[in-house]
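Please go over the structures that come below.
Shared between the two complexes below is subunit A, which has subunit B as its partner in the first and subunit C in the second.
== the complex of A and B ==
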């Protein structure tokens, strides 16, 4: 493995480094849990890694709750997400997904930004962020920051909307601070319980008011399409209904809507048929166990 | 990291200077930018207790502590320990009260949780980090939680039961309970 390394500590230096490497081969490195495996065979002398791990800018490194939104820096690790009290109480699905990410060792280094930018259809924190309808805050080397829904950030397998001179700064979850009851989880079906890449995954975040009426529903599915999918019509189907009074036929109808967003393939880990069947049953189950 | 300007590349073939603490001792080293932490530890510092297994983050044999947190040294860039503190298995037996086994090592020995020993140093470092976190959070973990904490460490020999017993005993001692069940 061979590459050159630059380690900016301020955002200003980072943007300058990006600008200087325009037109040359470079990659960003954050927690390196994907990147080092990716670069293993890399031997030539042409690649520079722009090391984000030494950045000192809180907009990249911290979790901030600020009235109308929750801002999570791209460099925040899975273990810091798990430990954050505010996230635990307000958006548990993100902590639940981070808690199933790799191992404790991996969670200590893997970042949320790296999970998004890798754009794997099996990305766990990414799946939870799609369910939460989070937005990406993107910084170009020159000019103004832009923002984009996480679900639009993914263009294909390992392909994002990031331009060559752009870096992901943070993700933002819109928040309203009323009293809500949250029903959420991240369910990952793999071949074993630990250290597993999902065969099918579902992240859901459902909010209900005091009357048990669902006021907000976010459902995202992973590993069943080239990108993580937001199951919009299934979410819309739930809003306005009471979670506790859904009958079996309504649960089936809901699950069928979720499955419409899946276009699974058969591969070494599971058949398309299996993935679709599991997804249907998982979708039903989330309305049963509350 | 000291080279002229941290946002500018030093050119290919250049080396970086990093300063860090290894097992309590401050050191400065010149390294290749792409060097992995495991290679720095084993080849440059000569500390062979940290084991290379899969080199893909799956087995945990290479686990060390960086500022107290367990990480896979095979997936960690050596350049990023600049200014940090690294602890390897060799750093534990230095002991607080002079040379000897530390409590995690002692528990592992007492429970017969070692067979071939290849996974053992990584396993012990993972347990150290978990124990410290539980102590900080004031948590006494149950067996499920202990198993979860070791999901990044594979052992081909023991079948895990004795390892988990060893971890559990560390917390029973804290509570003053009478031995492992």
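== the complex of A and C ==
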């Protein structure tokens, strides 16, 4: 483990640090749950860690509910997401995903921003955020902030759209305050019940009106493709239908639409056929348990 | 009438518990000596290759490096009980663990960096990774040091038989033949392997701070390999962070560490990283068991035919000898009129297998108990009933010659059948509608040695007890504490016998220069053997103290009672403090020292060449009933409840016992459901906890434990060994439960969600 460390406390200092390290190797450190493993391997090469843990800017560190949107700072930990009342009632899927992330110790330090920027196809909070059609708010060292959909943020395994001189500031979930009935969960399948890396994951957030008709559906799948996928046609299939009226053949039809977004591989954790079968079964289960 | 006991049987916290939870315990990794260097080992890059050249010159020149050694620099003998294992490998490598060179440097980082500077030129060869391939006629010999007297690429074979197989076959109404495939799993000790060697060039003495479970055999093995006088080797055991059988043999990193220290004249420590631990520490042996069993129309078992092929890996460690224990299960668990058993350990270019809690018994129990379920099915018998019909009993002498002076097998079965509410649940499962979740219960029993195992020339243990002038007792025991709680149990026994408070008892057990001989921690033997040894020493001590006390109290020895730090007279009620008695003895004329020693040897037999004989001083029996729920959408198995009935002889420390039961069941669950060290073409594919899955706290079911007390006369207070038993039936019971729940046959481990879902898909 051999690296330099800078710890900006203001956004101004942070952006300066990014600017100064342009063209050199640097990594952001927030919760360090992934980074530490990489640093362990780090030997002699020049590397700077820009430590975000001391950053004192509410736009990075807080959860704000502001009329039309929920803004979650990149440095917000999984534990804080789990404990946030507003998220619990409005977007429980994010709390459910955060609650299944790593272990309790990991959840106390792992951040939303880290989970997104690691760009693992097995990302937990990332999967929920794709289902919620959240957007990334990105700050460059110089110039104006930009915004893009979380699903577009992921370009491949451990590869994001973040440019060399950019930092992820927060994620934004568009919202409205109408009374809705929410059917949601984060389904995480692995070999054991906790401290797992998903073999298959599904985040779903379905809203229904008083008549039980589905008005909004967001479904994202993880660990079955190089990036987390938003299962658009499966979402569209649900909108306008009544959740309680869907029979076995419709559940199968829906599950088949989800599976279309999967292109799983076989690796040490599971075979491709297993991921695909389980994705189908668990997609079906979404419509069974409500 | 059994004497009522004051401490034995009462929940007693571990003596060293406060040290462990407060972080004060000094583990091997905490050892730091003046001028200590850090050692690191360069291992093979390929599992099978010729080494054409090694160049260590760049590494040796790296500032901070004190020495680099290869096989050319050392004069050592081969390791292992088969003497087929060179400490440092020369000319070729045959296993991904193979040690090619070692470095000692001033820091760990420099040592690791130096390894990267060592240049090795390989000529890669095609390895052999399947025992079946190694047995082919044209297969090359894998281990050139193998004696080969049992056949090419065969490290060790075992043959056992009793009874008339053909006669029993003729009596059989049903015959079931199946193949069982068991994977490679590893111990996952919280503390990774570590040793610190301190060689003094001035007097030629070597001190090893080692986490070995068998310090005296280790001392002997180390001396043989290093060509030293064993008495010049002192083995000190720091607090050990997990053994489970992994520290029963000596491995190359240990003499390598000694060699580095001998070369440098400075202390050297080698500590594995977690990844190195996965790659280079021993495993449970992967094996294929072909088992044929029969039963008559009433469900009485008739015969067992067993053929086992074990993947030995490239060198031989204790894994090859687990057949010794495996055959006991086939010969003697349940009614077994005839048995023929053949096992062979076959060399491959895979990592080699060592010993692991249960010593082959989880594998043999898995095969036997699966076959029993299949026979029950074929005979349309209840799965609990067929086991009860065949249960072992008190006074039984088995075909192999094991003598069950006590036997709680049937009680254990009856208990778990009743406590699990099996009869009612069985009806419920049957009536349950076909749904996503399937539930069922599975049973399995086990038999294991529980009073030592007479394999080495002595199965004994020595103890010295010293009572000081102030009434404190020091127990110097040959046995070792590896977290199993032996110190506490020994102190409890002394407290019981001498009436000295636990806080005034110390157990010394970590230094071969001080403690008397003991064969080591294995075979669930320590409470039994070290306990009896301690009781022998205390008996001798009392023989010194009691006459003086009786005279002083003007009573008979039989009338004395040791309690509360005093020796009292039961009839008069008068008493004298025990420390006063000691002082009087120490300072009287003639002076008498209050210190005594005793060597205990279990009254067991060496087995004959056919492995027949009563090998242990007592036998443990256990039955488990395990209820599972299987998710047919994902293949995930949820273990709901585990019911454990175990013949422990007598409960000594209920807290320690429960720890063994819970720990064993959980370890068995990992073996059953999630754990596998995946080795592909000789390379370990998942050397991290990220991909090697041990159960987490959330996976742990309710574990209901019902001790069966059979009061075995041979054991201390009637107790038997308990340590290995709780994990042995667990994988079998879970496999039976999952098979029953799904109507499929699970004949391999681990039952990962994927393997279970595959079984569902393949269901006819």
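Everything below uses one rule, namely that the second predicted complex is superposed on the first by the 289 of 290 C-alpha atoms of A that agree within 3 Å, B and C clash if a C-alpha of one lies under 4 Å from a C-alpha of the other, contacts with A are read in each partner's own complex, and residues count from 1 in each chain.
Here, contacts are C-beta pairs under 8 Å (C-beta built on N, C-alpha and C of every residue); 3 or more make two chains touch, one makes a residue touch a chain.
Since this is a predicted model, take the numbers as computed values, not measurements.
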item: Touched partner set for A:108, first subunit B, second subunit C, both or neither; value: first
item: First, second, both or neither for A:189, with subunit B first and subunit C second; value: second
item: Which superposed partner A:271 touches (first subunit B, second subunit C, both, neither); value: second
item: Touched partner set for A:172, first subunit B, second subunit C, both or neither; value: neither
item: Partner chain(s) touched by A:20 [first = subunit B, second = subunit C, both, neither]; value: first
item: Contacts of A:279 with subunit B and subunit C, given as first, second, both or neither; value: neither
item: Partner contacting more residues of subunit A (subunit B vs subunit C); value: B
item: Touching partner for A:116 - first (subunit B), second (subunit C), both, neither; value: neither
item: Residues of subunit A at both interfaces, subunit B in one complex, subunit C in the other; value: 103, 193-195
item: Parts of subunit C lying in touch with subunit A, wherever the complex brings them together; value: 113, 436, 633-636, 638, 673-674, 678, 685-686, 690-691, 693, 695-699, 752-754, 757-758, 761
item: Complex contact set, residues of subunit B against subunit A; value: 1, 6-14, 16, 32-34, 36, 56-58, 60, 63, 66, 69-72, 74-77, 79-80, 82, 126, 129-130, 148-149, 151-153
item: Partner subunit B, residues of subunit A touching it in the complex; value: 1-9, 13-14, 16-17, 20-21, 29, 32-33, 36-37, 39, 45, 48-49, 51, 53-54, 79, 102-106, 108-109, 193-195
item: Interfacial residue positions of subunit A with respect to subunit C in the complex; value: 43, 103, 189-195, 197, 199, 268-271, 274, 277-278, 281-282, 284-285, 288
